[in-house]
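Following this line, the structures themselves.
In what comes next, chain A is part of two complexes: it sits with chain B in the first one and with chain C in the second one.
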Partner chain A sequence: MLFYSFFKTQVGQQVTVELKNDLAIQGTLESVDQFLNFKLKDITVVDEERYPHMMSVKNCFIRGSVVRYVQLSPPTVDTALLQDAARREAQSTQQQQQQHQQQVSKSTTAASS
Partner chain B sequence: MSGSFFGPGIGLPDDAIARERTSFHRQNHNVDLDARLETLALGDDGLGEALEDDQDDFNDETFDADLREITGKDFDFYQSTVSSHAGAPQQQQQQYQQQQYQQQQYQQQAQRQTQPALNDAQSGNKVMTLAELEARMLMQQQQHRQQQHIQQQPSMPPMDFGRKLADPEVVARRKRDRLQRQMELSKYDNMMSRHDKDYIVRIQISQLLTDDPAADDFYCHMYQLSRGTMFGSGSLPQQTAIQNNGSQDAPTSRPSAETPASGNPGQQPMVEQQGKSEQSPAVAGRSLNSHGSSSSNDARRSNSSLGMPGQSQNHPHQHLGRSHRSNTQSSMARMQQQVQRIVNEAKRRPKAAHVAAEGALGRISVNSARNPKQVIQVQQRGHAGSISQSDAPRNSPLPATHHDLGGIFSGMGDTRNPASERRKTLRSIENVYTAVLRLEQLIREQVRLPQNPDHPSVQQWLAMYSEAKERAWSELDASQPISNTYPHPLVRFLSFSKGKRIIPRLVHHLSIDQILALTTTIIANFETLDVCRFGSFSYSASGSLVAMQQREETDLFLHAVMPPTLAFLAETSLQIVNGLFALFMERNNIAWVARTRPALAFLTVLLGRSATLRQAGAHAYGAQPDAQEVYQSSELYNHLFNSLRGNLVSIFPPSSTTTSSPAMGQAISPISAVSTVSPMEDLHAWQFLATLAIGASVEQQHALVSEVREKVLEKVMLAKSGHVPIDIAMALTANVNLFLNALGLDASQVAT
Partner chain C sequence: MSFTPQFFTTAESLVDSLDKKLLVVLRDGRKIIGVLRSYDQFANLVLQDSLERIYVGDAYGDIERGVFIIRGENVVLLGEIDVDIEDSLPLRQLPVEDILQMQREEAEAKARKDKLRFNLLHKQGFSVDFADNDLY
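Then we have the complex of A and B:
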């Protein structure tokens, strides 16, 4: 949940979301959810001419799986804290994996016995 | 082509006008301009008259329909399933006073339609036919709708802002239309009962739950704590109050990605609902807004934080004006209950990421947002961080663009495999980080502990704390005997920037002895530190990437590693200071090391401290220093002085020294030389000289002055010449004065 936690701190900031289909949308991040779907407010498309159909769109909902990049502004990010959070996340993932492996071995032994 | 749309003879209006003019005489001399324009506009070319118009006999048959007859005659699916003619919504509008009568009607009709065997009083009999059930639902629905209707009537003031305000017909019509639309829209409202809705909400919330909110939402939580002031004053007292509760266990706090911080205010509405009036919704509101979509949104609005656009982070104090306060309160309270229930259930039945039925031949993995489907499967080989022996030893040092410059030691590991040395060091750095994070987490939890020191949890906490501290310390490896490996593990540790960064955080938890050991090791191996090996001022090429990195590393060292050690030095006894001083000079080539800023800083503090201790005599930190100690420190001082003698000018940054040889009087060269160097560059040097001067005897002072005379003159000249901006000139003067004042002189006394 690291990215989710991270983007929650970005709510209200200006971000530029670049999608996998090369469409880049700039707007204010309104909200984010656990799947990293984004809702943007007052958007402008970065390359206006290529996407005339977006001219009238003011707010949008972007499914998380189509996002390629999200461009942020550096002052809003606390990199030291982010490093710490990433380390904790890595630790907890490791622990989870170990637990799963234990479960797996338990179930295999249970199945084999 | 486009001109012939309306007919072959019609072109653009211009053409028409032209034609008109030419054919003026042919056509009717119609002076009336309007008629002419009309003919033009309508494209009336007289062809209309030529149209055959006698085929209209069957029109009536085909098109004969009365509008009134066909409106409202959509096929009514609902009606046909409910045989009781439910007296359509249209009647509803007008007859809400006769509701009771209607209800009876419905019931009677329903009864009439149903089987006689099942026919019974409406509420008594549990077994009802479908028709009866629908009739009942419909009745309830209409009741609801009527209530809403009654409620909403007063709350809908005429909103026509003056356009056709006075016209009562229009207003009435609009109102009627609006009501009509609303009725139609809300015809199928309230299909789900509260229980149904709660059920769905529970399912959605359960996706968001976590066992450990502190871990899962770590970044967001800490970020908001660290920037608490940005979110308005209201949140701070909240947060400090919450912090006292620390991170709570999952069952007691509101779980999910919700932070422990918001746990309390979230629960407050429930507790305080009876009591405080204003405070709780405000608290809830503030917590909702300040923690924004972070915590509260997760559990409280489970169908995603996406659903509430009104409460954005930008307006932390935007009060919850959209819904009635009571509404929010009760929904909050219900949300609370939801979460509680889910948590309890989740505890009973922990969800596994993999499901393997008994006797099945495989596992089914349950994907959620927390363990998403892995696009790349990574196998764990052995244990993480194992040194792979298959790596070929690297002959060339790591590329200079490598940011942490740990490669500076790549050729010097004591094993044959420099890459493995590097990896070992990195691994130990990460272990220290892990331990420090654990320590910090424990500190955060400490506030939760009961005051009684005999409580078992307190002791457990203490045990965990000391264990983590031990781990960190051992990983740091500061106390390894000095000459064992070259370079010392601690030195290798500090050659990485992240190693430098963790030091201040670690030192916070260490004991004095440990800090002493750390300082000793650093001093003993000072020469080998990466920041010293760069040479402080001799950048390879002053604009290059490598130079910048070196500079960054040095700065980082000065800001991260030095302060704790210097602070320690500033508070120890003369004995220790002497010892360290001696060690410093013994192990390091002073003349060489003095060119580096860290060394200068160290020496400055050492000198200053010893001078203070010598002169102050009975200080608070201990008994009066022995005569022997005083003597020793003087000896050390002399030793230092002698070893630096003759080289003092070299401690200054090179770009100044290279140009100090041309004649002093010229105004041109100093500018070009020194303007590239800001006053802050040589601040360290001047400070060192000042401290040196303080402890100097007269003869030594003479020596000092004679050596740095040119430097001083140069700076003073520059400052007075007016070729540099005023603030830089002042800074320059201040720097020089550091030194001069120590001697009892001043820059103004310098003969220009």
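Then we have the complex of A and C:
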């Protein structure tokens, strides 16, 4: 959820999405979803000649599973905020795991008795 | 950690692309152009009146494919085709047989180049992996 929330703050910014096949697409981030699929509008393809099929495409939907990098512009990213969010997320997952373990041990003792 | 269906949590959907002419790039390198009729949370797609467009150099050729159901895991990207730009493309359309012939020649040339590369690297003691499952 952390990166989904982060990318939601980036909506409207210029980003460059680099795919696993080295195709790099620059555009305005229109939306993102929980699978980190991206929708970009007004795209330009870096190294256009290698990808003639992209010439008539202005907006695209990119499946999250094929993304290698998302290049952002540094002034739009608050790294301190990201660090805090990551720490909070780590703490909450630790707590969740502890609670889950307690539940499991409770149910196994209940089952055996 | 429970799995929540996409239509509850996501702000994004392909509903805006429904009934539009789309270009779909697949993981095996194919480009399919068709009208999006349906989709789901896995990006499985149903395309109607679709054609497979093969690009070689500055030319392309189309193969009629009809209705396509594409499994989401094979999808790389969907692009909305801007009809104005499409009409004024600098590419020329050729009949399918010619394009397929050109594609075969291009594939052979690439295979020869790769073989050379493999041999050179192999002599130096490198191993080259052929795990090119994703040909896009």
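Convention: the second predicted complex is superposed on the first by the 106 of 113 C-alpha atoms of A that agree within 3 Å, B and C clash if a C-alpha of one lies under 4 Å from a C-alpha of the other, contacts with A are read in each partner's own complex, and residues count from 1 in each chain.
The rule we apply is simple: a residue touches a chain if its C-beta (ideal position, glycine included) is under 8 Å from a C-beta of that chain, and two chains touch if they have at least 3 such contacts.
These figures come from a predicted structure and were not determined experimentally.
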Partner chain(s) touched by A:63 [first = chain B, second = chain C, both, neither]: second
Which of chain B and chain C A:52 touches, first, second, both or neither: second
Contacts of A:104 with chain B and chain C, given as first, second, both or neither: first
If touched residues of chain A are counted for chain B and for chain C, the larger one: B
First, second, both or neither for A:39, with chain B first and chain C second: both
Chain B versus chain C as contact partner of A:72, first or second or both or neither: neither
Partner chain in contact with A:20 - chain B first, chain C second, else both or neither: second
Chain B and chain C footprints on chain A, overlapping residues: 8, 31-35, 37, 39, 59, 61, 96
Chain A - residues contacting chain B, complex: 1-2, 4-6, 8-9, 11-12, 28, 30-35, 37, 39, 41, 59, 61, 78, 80-85, 87-89, 91-92, 94, 96-97, 100, 103-104, 107, 110-111
Chain C to chain A touching residues, read off their complex: 1, 4, 6, 9-14, 17, 23, 25, 27, 31, 43, 53, 55, 58, 60, 72-73, 75-83, 85-86, 89, 91, 134, 136
Chain A residues within the chain C interface of the complex: 8, 19-21, 23, 31-35, 37, 39, 52-63, 65-66, 96
Residues of chain B defined as touching chain A within the complex: 207-208, 210, 212, 215-224, 226, 257, 292-294, 297-298, 304-306, 308-309, 312-314, 352-354, 356, 358-359, 363, 369-371, 380, 384, 430, 433-434, 437, 498, 501
